[in-house]
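Some structures are shown below for you to check.
Two complexes, one shared chain (subunit A), two partners (subunit B, subunit C).
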Partner chain A sequence: MPTGPYAEIPRVDAYEKVRGRAIYGTDNNPSGVAYGAFVTATIGRGRITAMDLSEAQSIDGVRLIVNHEHTSDLQPARFIMQHGFAFQSYSPVLTPNVAYRGQPVALVVADTLESAIEAASRIRVSYEEHPFAATLDSERAEPVPQAEAATAWPIDDIVVGDAETVYADAAVKVDATYTMPTQHQNPMELIGTVAAWDGDHLTVYEGTQNAGACKFGLAEQLGIPPENVTVISPYTGGGFGQKNTMQSQQVLTAFAARELGRPVKVVVPRRQTFHDSSFRPATRQRVRLAADSAGRFTAALYDVDAQTSMHDFFQSEHADTAARHYGYGAFRSFTRLVRTDTPTPGYMRAPFEHATAFAIESAVDELAYEHGMDPVQIRLLNDTDTDIVDGLPHSSRHVSECLRRGAELFGWDRRTPEPRSMVAQNGDLIGMGVAIGLYAGSGGPNRASVRATRDGIIEISLGVHEMGQGIRTAIANVVARHLNVAPESVTAILGDTRGVPQMLTAGSWGSASSIPAAEAVCEALREALDALGTNAPEGASPAEILALADHDELSVEAATFAPGQNRDALGEIDTGHVAPSGPVYPDFITYSYAAHFVEVRVEQTTRRIRVPRVVSVFDCGRVLSPRTARSQAIGGVVWGVGGALREAGEVDPRYGGVLNADMAEYLVPVNADIGSIEVGFIDEPDPMVNRSGVKGLGEVVLVGVAPAITNAIYHATGVRARHLPVRIEDLV
Partner chain B sequence: MQSFSYARPASLDSAIATFAEGGEGTRLLAGGTTLYDLMKLDVERPERIVDINGLAELSTIDTSGDELVFGALARMSDVAADPRLADEFPALSEALWKAASQQLRNMASLGGNLLQQTRCAYFRHGEPFACNKRSPGSGCSAIEGLNRGHALFGGSDACIATYPGDFAVALIAFDAEVDVAGPDGERTIPVSDLHRQPGDNPEAETVLMPGEIIIRIRVPADAVGRGSTYHKIRDRESYAFAVVSAAAAVRLEAGVVADARLALGGVATVPWRAREAEHSLIGTALTAETARAVGEIAFADAVTREHNAFKVELGANVVRDALLIASGRA
Partner chain C sequence: MSDDRKRTIEKRPWSITRRAVLASGSAVGALAAFGLKTPAMAQETTPAAPAAFLPRVLVSFAVNGVTQDIDLDPRTSLLDALRETIGLTGTKKGCDHGQCGACTVHVDGRRVASCLTLAAQVADREITTIEGLGDDEALHPMQQAFIDHDALQCGYCTPGQIMAAVACVHEGHAGSEAEIREYMSGNICRCGAYPGIVAAIRNAAQVMEG
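== the complex of A and B ==
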């Protein structure tokens, strides 16, 4: 079998997608389907005291109104980080409680969507209102030291050496606080469920990153055996962590369909997705960074306040990544979770790392200026071979290589270090900034099965979801190489509980958990084909061998695990749970890396900031599908531009909820905001983390873009932006 | 969405009659990009809709004479692409193509464009927000709330909602007028008088009488148009409303400003003409310094709020840049 870099192949599902043949969850319209719409809470916290349904019931076509009076048989959801299946432990509509403004309080189901929406608008709800805390800065917000938070998998503060003392005595230091607002991922495909019962069997069509959790979670909430639930999610129209786990509407949709005896579809409108799904929590991060006279980091103190909800501790992993950015002499973190009256925040793409990189990489830039050192040089100088936290070696860490290659592609040597020293012909200030990013290299167990036929069909089933990242293409490329077939002949059954168990696809472990399983099952197939004893020539395809053996088809199975895991981990994914492993493995640690180089232009009069050019180089282990990998990287950089310059949830603390809850007002970059993005890959397989040498890519691509931009803004203007997003008013 | 009756009259007379007979709960439908949006948000709940898209006579675009004439149903994208407009009135053309998105511009009509409604989130998002414009007498959430997008000019204690449109701002710089037809016949209204400042009753947004339909927009084809620009600063490079915008036009004689026009967008409750700033320009030679000074005059009387005070400094520079771009074309 050939090794080395993979060939570039087109996205295997591109034609299906551009022709509208790719059927997403709520594209399904089972016959007789009814439509649901939510009534949402208008108060920040409290209790429903009365609900007047009379007007709504008189609307033509209304079939069912579900509120807390009807749902007593349903079990509440359990939070994924408490070994449950849902993005939070709080289940709207199952009780008369209101935990945050915008939560659903009733579901109206009607023959048409229009009737459902109109009826929902006619339901009058009376409340008893309670005081609430809508933001990280609210007076009523409740900070809890993370180390004391009762959680299933506690996370302690990190203490390496005596960072306080070293910092106090240091010659060169920086002390700065960086803040970020809430952000909301907005995949094009809205959250939504189609639920259809056939007797006591429930089929759910849903765009999700976690069909397994939906299956087992729905069974638990509905009180039915999991084998009676099928979840079908062959395509997800973008997830970005929003579709990690169960959403509020799922159990209610399934319940309504059961009550009505007909299929029900609920698509959560854009505005409601801002109010009743997970989001990136607001953070406040203080970094104290010290260096010796040569520029070596001697100590880092890292204090994080990260928003969570009143009902769950959404644990912060900011410090885990911060500690791995560089080889600091000493390190100490202190994290508090700040409870607010919101939905539980969640794993929006690079959930912690994006914020951490903003803080750490800004502080490093500040220190470089303090020290009079080049920002690339100071990063190279502080690169490390071993992990300061666990003392373990890195399985692979090519961050210096990313920096060197990026600097060259970007033309970093043309940069003059002084702020405001580079001016374009039209008078715009030019700034050049750099930052690195890292993201945990996780993996997990995966089952795989493959069926090969004499007609050349290769059908592989894996526990992973296609959400636009291109995993189908990567799988086709890998299977094609291993079985010596054309990528087009490979069919991958993904996100479908009728195949192998479906683990959550997130945390950038999709490839690292499923591709080794794909390789293993291909190898098993090869062995089974060899055992047919056909004396087929070297390199014969499965179809050729099957023909020689006069066999119609052959199926085999396999399972793989991350380092340090064993078959017990399969028990978790077989029951809809997550079982990731890493980045700290028994003998090494694994991260993916990025180096971003950004040029900004700032118009002197209006202070408009533009980003004409980004160069990003990534170390993600082996690149499985060059084209979709590059596309992931470009998308990640665009996210970074959004994170740095555009995106913010606007919350009026008097009301809670989100004011700019639509795509016109919640600003993400448009095409005109994006200039040239040049992407490079180290493409060196990681020798330890798994048999395929792959680490993650989908998250690290975004990590570090924001500080590279703000560092460039500093270089252009001399203004240090310590709050995101940076807008015109910050530079006026 | 509540059920509504729908009529698509074939003549202007019958449109006026149907509109007038319908009474309060009746709305005209042109491109629908404002109306449907607000209906989906439950802010507009019309009982009757009169679709005027059957009135072909309202779709004309005529830029050949000494008046530019645009039918109320002319689409934003078609007008933006008109070659004479782009050449001789770049501010008008730019105000259109820097607005919204291509898809919206393809649907949206000029008449509807003038009457688009504020983006104030407290207005748009209904309960639980107090909003005098949506629910008279309930209060204004914006004055003590998130008011980065709210007006520095023309506000009142009842409402500080910004008029969000671009085209009307450019139109008032050129003394454009609208012809309206109603049950009592036709009349002409300067675009600068079309919108009302909120005062004590912010729910009344225009001076249009019940049953009146905008039929056309007329702009004097004045020579000042050529040296003009619509300079729009927004939070992203396209598909965003103005943070601050300026429609500026100058005519130079022997290097000295002989005629000047300046109107501001994104900062006032109505399209805002900065007359004093205009006057200060006459007879001067335009330089970066004088242009900046004009910008300062334009923003001198701004009433700022917690989150929008930066627009005074920004606005002065937007005016400065706009004037320089305009004079470069003059």
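== the complex of A and C ==
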């Protein structure tokens, strides 16, 4: 079995996608489908006192109006981080309560979408209004120390050494607070559900990262056996964490379809996705960082305030990553969760690490300037082989190599350190900045089955979802290598509960969980083929061996686990739960790494910021699919540009909700915002974390881009941005 | 470049807008004024009634060379007519506000946001969607270039990107990378495939222009 770098193959589903033939959840139109539209709350918090449906009911084509008076038999959703299935424990429309502005209060179903929308607009709702806290800074917001928060999996503050004392006595130090607003995932595919009943069996078509949770969660909420639910999600039109669990509309759509006895489709409008799904919580991070005279980090104090909702504790993992950026002599974190009257925040791509890197890597840059040291050199100096928190070795940590290779590709040696010292011919200020990023190398259990036929079909079923990251291509590449077949002959059944149990695809553990299982099941197939005793020549394909043995087909199954896990973990994914392990394993710790080098140009009079050039190098373990990995890495850098310079949910604390809840006002990067992005990979397999040597890529690619940009802005202008996004007015 | 954009708007061969129809109080009147076929029953409605019965309209247009005679609610967008009535789901809904470009189709060869276009507006016009851009025998050069440059990830914005990209070349706006970036900025790709999209358009433009 060859073990070297993987060959570059084209994206296996690109053909279907460029022809418009890839079928996404709400592309499905079962016969007789009816359409749903939501009525949403127009108050910040309170209770419905009356709902006048008369006008809406008179609209031609209206078939059903679902509100809290009809849903008493439905069970509320349970929060995924309390061992449930949903992005939050709060279920709109199941009670007369309003927990936040914009939550659904009724669902109208009609023969046409147009009638449903009109009828929804004609429902008159009366409310009793209650006071609320819309933002981190609201007077009624409630901070709770995270270590005291009642949760299924508590997270303690981190204490290594006596950081307070070391910091107090240090010669060189920085003390700065960094803030970030709420941000919204905004995958291009809207959240939506098509629900169709056949007798007592429910089939749901949905773009999701977690078909397993949808299956078991719907069964629980509807009070039916899980085996009566099928969830089909072969393609997800972008997830970025928004679609990692059950959404509010799912149970309501399924309920309406059951009531009506006909299929129902609900596509949640973009504005409503801002108001009733997860988002990146607003944060306030204070970093106190000290160094000795040589530039070694002797102490770091890290205080985090992270937003959560009133109904759930969305736990912060900011400090876990912060403690692993460098080999600090001492470290102490203190995290508070700040409760607000909003949906529960969630796992938007690099949910904590993007914010953590902004704070830590900005502080490191500030310290480097305080110390008069080169920003690359100070990072190399403070790299570490050992995890300061658990005292375990890193299974692989090539961040210094990422820095060195990136610096060379970028031409870091051309940089003059003084702020405002580099000016382009047209007068633009040039800035060059660097930052590193890291992301936990997690893994989980996965089941796999494969069927090989004499006709050359290789059909593999794995517990993972394709959402653009290219997992179908990686699977085809791996299976092709292990079975000696062409990648095109491999069909993968993913995101489909009719196959093996579907685990949540998130946390950059999709490949690290499913690829070892793919390898194991290929190995099992090889053994089963060998057992046929055909004496087939070395390198024969399964089809050739089956022909020699006069067998039509052969199917085998396998299961794999992350280090330290056993078969108990399968019980979790078999029941729709999530069972990741890592980054702290029994004998080592695993992270993926990034080093980003950014050039900015700041126009002197307008202060317009452009990012013409980025060079990024990644250590993600073995690269399974070079082409799709490169695209994913480039996309992560684009996300970083958005995170640093564009994206912010605007909230008016007097009213709640999100003011800029559409694609014109919530600014994400467009084509004209993006310049040259060069990415590279270390492509060294991790020797310990799993048999495939895979860590993870989807999130680390974004981590550190934002501080590399703000550090470059400081270099260009001398202005230190401690709040994202950085806009023109911040540099005037 | 902004001058070019202005001219593009002025040259648009129709002037009725979705907003005008919706705001007219009587959709029938607006559509009739626009020369559309309306069923006879439409004349019997009372426009002033608050929850007025809405008429249906019969609209005929060609999609990928096939004539479609459809009976629909006059408020139906071209996007919803394509996806929900005709069953061509390659065209995607990303915002329904003309802000993201996922729904881009060609109307008489010009790129439009089908979510901001009423189906009734395109009577007697030729619509091309992603399904009509290439066939089983041969992909359109732009489709092939998107594969070759991996100009996509999740694929949801891809049909709109490709339709916009073909139009971008036909408009003569693919002369440089900077020009392509500017003229493709109405199509958001949240996966961030922009560098691949620009490379694909550069490449396809050469093939298309022979």
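By definition in this document, the second predicted complex is superposed on the first by the 732 of 732 C-alpha atoms of A that agree within 3 Å, B and C clash if a C-alpha of one lies under 4 Å from a C-alpha of the other, contacts with A are read in each partner's own complex, and residues count from 1 in each chain.
Criterion: contacts are C-beta pairs under 8 Å (C-beta built on N, C-alpha and C of every residue); 3 or more make two chains touch, one makes a residue touch a chain.
On a predicted model such as this, the values are computed, not experimentally measured, just so you know.
Q: One more residue to check, A:487. First (subunit B), second (subunit C), both or neither?
A: The answer is neither, since A:487 touches no partner chain.
Q: Please work out whether A:470 is in contact with subunit B alone, subunit C alone, both, or neither, and reply first, second, both or neither.
A: second
Q: Have a look and say if subunit B or subunit C is in touch with more residues of subunit A.
A: Comparing subunit B with subunit C, the partner touching more subunit A residues is C.
Q: Does the superposition put A:114 against subunit B (first), subunit C (second), both, or neither?
A: A:114 contacts both subunit B and subunit C.
Q: Name the contact category of A:672: first (subunit B only), second (subunit C only), both, or neither.
A: A:672: touches subunit B and subunit C.
Q: Can A:608 be said to touch subunit B (first), subunit C (second), both, or neither?
A: The first partner, subunit B, only.
Q: Where does A:14 make contact in the superposed view: on subunit B (first), on subunit C (second), on both, or on neither?
A: After superposing on A, A:14 lies in contact with subunit C but is clear of subunit B.
Q: Is A:650 touching anything from subunit B or subunit C once the two structures are fitted on A? First, second, both or neither.
A: So A:650 only meets subunit B here.
Q: On the A-aligned overlay, A:437 touches which partner chain: subunit B = first, subunit C = second, or both, or neither?
A: neither
Q: Overlap the subunit B and subunit C contact sets on subunit A and report the shared residues.
A: 114, 118, 664, 669-673.
Q: So in the complex, which bits of subunit B are touching subunit A?
A: 1-3, 42, 119, 121-122, 125, 127-129, 141, 144-146, 148, 233, 235-240, 243, 310, 313-314, 317-318, 320-321
Q: Please output the residues of subunit A touching subunit C within their complex, sorted ascending.
A: Residue positions touching the partner: 10-11, 13-24, 26-27, 29, 35, 55, 58-60, 112-115, 118, 122, 186-190, 235-238, 240, 267, 269-270, 467-470, 627-628, 630-632, 634-639, 662-664, 668-674, 676-677.
Q: So in the complex, which bits of subunit A are touching subunit B?
A: Touching subunit B from subunit A are residues 42-43, 101, 114, 117-118, 121, 271, 605-608, 610, 646, 650, 652, 654-655, 659-661, 664-665, 667, 669-673, 727-729, 732.
Q: Mind pulling up the subunit C residues that touch subunit A in the complex?
A: Within the complex, subunit C contacts subunit A at residues 50-51, 53-54, 73, 75-76, 80, 83-84, 87-97, 99-100, 102, 129-131, 133-134, 139, 143-144, 146-148, 150, 152-159, 162, 180-182, 184-198.
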